[in-house]
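Chains: A, B, C and D, in written order; residue numbering restarts at 1 for each.
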Amino acid sequence: MIPLSWYLVLSALLFSIGLFGVLARRNAVAILLGIELMLNAVNINLASFWRYGNTAQMGGQVFAIIVFAVAAAEVAVGLALIISVYRRRKTVLAEEIDLMKW
Amino acid sequence: MNFWKDPINVAADWLKNVFTGWGLTDPYATALVYLLGAFTMVALVMLLDVFLVWIERKVVARFQDRVGPNRVGPFGLIQPFADIIKLLIKEDITPAGADKVVYNLAPVLSLASVLLLWAILPLSALVYGVDLNVAVLYLVAAGALGTLAVIMAGWSSNNKYALLGAFRTVAQMISFEIPMVVALLIPTILSGSMSLKTVVERQDIWYVILAPLGFIIFLISAIAELGRAPFDLNEAESEIVAGFHIEYSGMKFGLFYAGELLHAFTFGGFMAVLFFGGYRFFGLEQIHPLVAVFILMIKALLGYWVIMWIKYTVPRIRIDHMLAFNWKFLTPMAFALLVVTAVMHKLLSGTQPWVYALGMFLSNVVLLLAALEILRTSARNQRRQEEAALSAIAQTSSH
Amino acid sequence: MDASQIIFGLTALLIIFSALRVVTTRNMVHAALWLIVTLFGVTVLYALLQANFLAVVQVVVYVGAIAILFIFAIMLTRREIRDSGPQLNRGWLLAAFISLAVFGSLLALLYNAPVAGRLAGSLTGEDTLMALGQALVSPDAYVLPFEVASVLLLAALIGAVYVALNKKQESDQ
Amino acid sequence: MATETLIWLIPLPPVLAFFLIVLFTNKNKALSHMLGVGAAGLSWLASMVVFVRALSVKHLGEHPFHASINWLPTGETWFKIGVLIDPLGAAVLFFVAWTIFMIFLYSVGYHNFGQPKGDHDRPGLPPHGATVTDAHGHKHTVPSVEPMYSRFFAFLGLFAFGMYTLVVSDNLLTLFVGWEIMGLCSYLLIGFWYGKPSARNAAIKAFMTTRIGDVFMLLGIAFLYSVTGTLSFREIFTNEELMHALGTTATPVLGLSVAGLISLLLFIGTIGKSAQWPLHVWLPDAMEGPTPVSAMIHAATMVSAGVYAVLRMFPLLSLDPATMSIVAFIGAFTALFAATIAVAQNDIKRVLAYSTISQLGFMIAALGIGAYVAAAFHLITHAFFKALLFLGSGSVIHGMEHGVLHTGNHHVDPQDMFNMGGLRKKMPITFWTFLIGGFALSGFPVITAGFWSKDEILADAWAHHHYAVFITLAVAAFLTAFYTMRQITLTFLGEPRTEEAKHAQETPWTMTAPLVVLAFFAVTYGWVGIPEHFPVLGGLVPNWFHDFVGHTLEHPPKAPEFNWVPLLTSLGVALGGLFFGWLAYRNVKAPAEDKLQISVLKNKWYFDEAYDFLFVKPAYWIAETFVYKWMDKGVLDGILHFIAYITGVIGAAIRHYIDLLVINETIGDGTANTVKWMGFNLRPIQTGRIQQYMLASFVVLIVVGAVLYYFLVMA
C-alpha cells in the first residue's frame, strides 16, 4: 500500500518544479505552463487527502473539480491576454512586458 | 462457471492458474492475464478493421452504382490485404525539418485513441473490457486524445497547410464535442449511471424511442467528431490538399486511414450500445455470450452503414456554416433537450412503461418541431433583410 | 513492493522527469507536449487513488482543452517556429534557490505533520461517483461553490472572447 | 356741552392747527395764520366759557371741575390722568387764554402779513424789506413779509397746546408734559431765525439751562410718585395722614422732610423754568427770538408756568419751613439782583427781560413767605402788563425798522434805546399803552394793577415779620420803578436822537389793538383784588380775588390786616423810583453820559463769563482733552495699539520660531523630503517584471512561514 506521504512529497516536488518554471521562464506562455503544473500538484494533494481521509466526505474531489474549472478559466483568460499583448507589443517575453501601464 | 456459459472468463482463469503454476505471484499473474486479454481484443479489432476496408469500398461502389472490387478473390475479399501490402511497400518519406519524435508518434496516437474506446464497449453481459463507472466520459476523453494526435501530426509535418488543416480539424472536433457530451448525458439520465454495462442492462425500452432527438444529435456530432461526410472539410480534395496527413505516406498514412475507419465503426457500436439496446435483442442474448456479441456486431454494422450512407449522399458543408450550425443551433437544442428529458424523466418515472415511452417520445417530437419553427422564422427574417437590401440597392441604382 | 507501489514509482518518475522537461526545454511546443505527458501521469495517479471521475475529467479538460489551447497560443505568438536564445531569464538561479527553499519548507511541514504515514482505507462498494454528484448539487454541501465556478467559467469565456474580439475588429480595419 | 369735556377740548385746537400747518398749509401764509389765530380764538372762547361757569360755581375749591381717565396700566391699578379746574386754575386759565390770543393777533402784524416778499430774504434770517415802485414810479423800501411765516404760527400753536395742558392738568405728570412741550417750543422759537448764530446759541443755552432744572423736577416727581403712589394733586393734598406722613418723615438730604425735599426738587425745576438766580442766564439771551415770542414765552406764560407749578404744590411746600426759607431767599435775591442788572441795559427788550426775572423773584419770594394769594395775584397782573410792555417794545422796534428802511442805514440797531427818543409824537398809541404798562410794572399807586399785587406781597411780608425779605423787595421795587422810567424817557420822551427815530411810524391796527386790550386789563384787573380794610377804597369792591383763589387750598389763608408801613413804603418806592428815573435821563443823549453804565452791571455780574468759566469751559475741556485726548486717544487707543503691537510681535515670533522652523521645515518640507526619499528608494523595486514580484512574494512567504511555524508550532 502507498503511504500518503509519498503523494505529498510528489506533489510538493511537482509544485516547486512548477514554481521554478514560473519564476525562471522568459516566455509568458511558459509561465502559464508552470502555473498549470502547480495547480496539478494541488489537485494531487486534494485527491490524496480525499482518498486517505474520510472518503464519504467528497470535499477533496469537489475542490479538485473546482480547481479544474478555475484552471481552465485562468488559462483561457491568460492566453487571451498574452495573445492581445503579443498583437500590440509583438513580444511575449515577460521581461519585455514591464510597462506599468499601456 | 462452465465453459459454455462464460468461455472467456473460464479461459482467463485457466491461464492465470497456468501462470501461478509457473511461480508468478498472484498480482503479477492477474496483470499478465489482463495484458493478454487486451492483446487478443486488439488483434480481433484490427482484423475487423481490415474487413471494414473491404466493406467500405463495396458499399461506396454500390452507392455510386458500380460493383466495387470483385477481381481479387471471391467478391474482392482479398482487396484489403492487397491495399495493405501496397502501403507497406510504399516508400516512407519524412519531410525535412519535421519534428521526428512527434511526427512518428502522431499516427500511433490516433489509432491508439480508437483502440482505447474498445475497453469500455460491453460486448455481452459477461464479456467486456472494464466496467468503468465513468465510461461515458472515458469515451469523450479518448476523443480528446484523437484531437491531440491531429495537432501533433499537423504541427510536426512542418507544412503550413498541414498546420492550417490541423487547426481547422481541431476547431471542428472541439466544437462538436460539446453537443456530443450533452447527447451522451441523455442515456446517463435515462439509465441513471454512466457505466455502459448498466446503461445496456437498464435499456428495456430502446433509448432511441425515448429520446430520438438525442440519437440524432449524437449521430451528427459523432460524424463531425470523425471528420467524415458532410463535415469532412479538412481533408477534402477541393479544399486544402489532404488535411493534416499530407506529409504522411506509406504505412503511417495507412494507420491514419485504418484509424479513421475503425473510429467510424466504434461510434456505430456506441450508438448501438447507447440507443439501440447494445447486445440485447428481446432475450436472444441470454442463449450464449457469443450470440450477444453477434447481435451487437449486427447493430454496429447497421450504425456504420448509416454513417457511410450519410457520407456518400450528403454534400460537404462549408467550415463557417458548420461551426455556426453547431454553436447557434445544435448546442442550444442539445441543452434544451437535456433539460426536457431530465424534467420529463422525473415527471413520468412513476407511470406505466408505455405511457412513459409515449410521453418521452412526444416531448422529443415537440422540441424538434419548436426548433424547426425557430429556425424557419429566423431564416425568413434573414431573407426579408436580404431582399430589402437588394431592393434598396436596386432603387438607388435605378435613379 | 506490490503492483500499485511499482506503478506509483514509475508514474512519479514519469511526472517529475516530464515536469523538469517542461520547465527546461527551449522549444515551446515540446514544453507543451511534455506538459501533456505530465498530465497523463497525473491521470494515472488519480486512477491509483481510485478517483475515476477526476482521472477522466483530467484527460477531457486538461489534455482535451487546455493543452490544445496552449499549443494554439504557442502557435499564434511565435514569429518563427523554433524559439531561439536561452529560455531562462537572468534571475533563474535565485528562482531555483527559492523553489528549493519552498520544497524544503514543505518537506519540513510534512515531516512534522502527523497525518503523513496513514494508509488508504478500503473503498469497495461505495459508488463514489454518485456521492460526488450528490455532494456537488445538494444545498447543504457544495452547490454554492459549484454555481460560483460555473459563473466564473462564464465570465472567463466572455472575458477571453471580449479581449480577442477587440483585437480582431482592430485587425479588420 | 359738559364743562369737563369742554376743559378736555381746550388744548386741542392749537395742536390741530400745528399739525395742519406743518403738514398741509405750510406754503399758504394766509391760510396758515387764519388756522393759527382761529385755533387760538377757539381755545380762548372755550376758556372764557369755562371761566364763567367756574365763577358761577359756589365753593369751586371743594368741588372743582374734575375728570380723569385711565392712562397707563401699572399692574392691577391704572395711572390716571385728567383735567382739573379749581379757582387757581380758572384764574390762571383766564390770563393764559387772553395773552395767547393777543399774541397770535399781534404776530400777524409783526411778521408784516400782506407785505411783498423780500428782495433777498432767506428763510432763517429776519426780513430786510422789499423795494416797491409806487404809482409815481419812484422806489422806496417797505418791510417784507417773514419768509417762514406759517412755520412761526405752527410753533405758536404747539406752544399754546403745551401751556393749556399745563394749566388744565390735574396731576404732575401731564403738567410736566406741558412743561416739556413749552421747553421745546421756547427752543424752536428762540432759534426761529436760525440763520443768526447768536439765535442758535441762545436757543441751545435756553434749552440746556431749563433742561438742568427739569432733571431735578423729574427727580422730584419720581420721588413723589414712589412715596405716594400717585401724582394727582387732589389725591395727595386731600389725604390728611399722607400729608402728615410726608411732612414728618425725614430724609438724609440736608435734614429736610420728605415733603420738603420733594418740593425743593420741584422748586429747582421752577428755578430753571422761571429763570431764577442760578439758572437765569438764558432769559436775556432768549430775546434773540421774535418779539411776540419774547412777549408770550418769556414774559407772560412760560416763565409764569414755573410759579404756577409752585403754586400748585404750595400745600406740600408749606409743610417744611426750611424749604420755605430757601424759596424766599432765592426769590428775594433774584428780584434785587435782576433789578440791578436791568438798570444798566441799553437794549429795550433786555431791560424788560431782567425786569421779568426780578418780578418772578417777587412772586417766588411771596410764596417763600407764605403769601399764596398775593403771589397768584401778582402772577396774573404781571402777565398782563409784562405782555403789554413786550408787545409795546415790539411795535417800537417795528416803527424804528420803518425808519431804518426809510433811511437805508442798516447799521443803526432798531432795538438800542439810545438810538430812539421822542417817539411819543410818532407812535402815540404805543406810547400811551407802554406808559400804562410801565406804571403798572413800577406799581404806580391805585390806578395800576401792579400796585395792588406788589403792595399785597409787601403787606404780607411785613405782616409775617419777614423784614429781611421786606427790605430787599422794597429796594428791588425802587430799582424797578427807576429803570422803567429810564426806559420810557429814553425811548419816548425828549427829542429823537437819530434820523431813523424821526421817520418811525405807528404800527398797523393788528399790533396796536392787542396793546389796548392788555392795557385795559393791566389797569382794571388790579381792582379785583383790593383788600377790604384798605383806607379809602377798601370796601368799595369786595376782595373777590382773595377769597376766590384762597379757596383752592384746604384751609384758605387769612388776608393780612392793614398796616401803614408797607403801604407807605410801596408808595414812596414807586413814586421815588419814577421821579428819579425821569430826572436822571431826561437829557441824556448818548450812553457815555449814562452814569449807571457800570461795567459790572452791564455785563450781568459776569455770570455768563463765570458759568462759561465754571461749566462750559470745563465741559469742553473734559470732552475735548480729558475724554477725547486722554481717555479715548490715550487709554483706549493706547490699549488697542498696544494689543496690535503685541499681536504683531507674537505673530512674528510664532511665524519665525514655530511656523517657519517647525511646521515648514520639519513637518512640511520634512515629510515631503522623506516621502521623496522613500519614493526614490522604493522605485527600483517596481521593475514591472512579474516574475520578480512573484519571487519577492515567495521569499516573504517562506520567511513569514518559517517564523510563524517556529512560534506557533515549536513553542
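Going forward, a residue touches a chain if its C-beta (ideal position, glycine included) is under 8 Å from a C-beta of that chain, and two chains touch if they have at least 3 such contacts.
Everything numeric in this text was worked out from a predicted model, so none of it was measured.
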### Query
Tell me, which chains sit next to both chain B and chain D?
C
### Task
Using the touch rule from the top, work out which pair, C-D or B-C, shares more C-beta pairs.
B-C
### Task
Taking the mean of all protein CA atoms as the centre, name the chain whose own CA mean is closest to it.
A
### Message
Taking the mean of the CA coordinates per chain, how far is chain C from chain D in Å?
### Response
120
#### Entry: Separation of mean Cα positions, chain C and chain B [Å, integer]
28
### Query
Hey, how far is the Cα centre of chain A from the one of chain C, in Å?
6
### Summary
Here the gap between chain A and chain B, centre to centre from mean Cα coordinates and rounded to Å, is 33
### Message
Give me the residue numbers in chain D that touch at least two other chains, ranges are fine.
### Response
689, 691, 695, 698
### Message
Please output the residue numbers of chain A that touch at least 2 other chains, ranges allowed.
### Response
19, 23-24, 94-95
### Query
So which bits of chain C are touching at least two other chains?
2, 53, 57, 65, 72, 89, 91, 94-95, 98, 102
### Query
Chain pairs in touch?
A-C, A-D, B-C, C-D
### Query
Mind pulling up the chain C residues that touch chain D in the complex?
89, 91, 94-95, 98, 101-102, 105, 108-109, 112
### Query
Within the complex, which stretch of chain A touches chain D?
19, 22-24, 31, 94-95, 97-100
### Message
List the residues on chain D that touch chain A in their complex, please.
### Response
686-691, 694-695, 698
#### Entry: Complex interface listing, chain C residues touching chain A
2, 4-5, 8, 12, 15-16, 19-20, 22-23, 28, 31-32, 35, 38-39, 42, 45-46, 48-51, 53-54, 57-58, 61-62, 65-66, 69-70, 72-74, 76-78, 83, 86-89, 91-92, 94-96, 98-100, 102-103, 106-107, 110, 115-121, 123, 126, 128, 131-132, 135-136, 141-142, 145-146, 149-150, 152-153, 155-157, 159-161, 163-164, 166-167, 170-171
### Task
Show which residues of chain A lie in contact with chain C when the two form their complex.
1-10, 12-21, 23-30, 32-34, 36-37, 40, 43-44, 47-48, 50-52, 55-56, 58-59, 61-66, 68-77, 79-84, 86-87, 92, 94-95
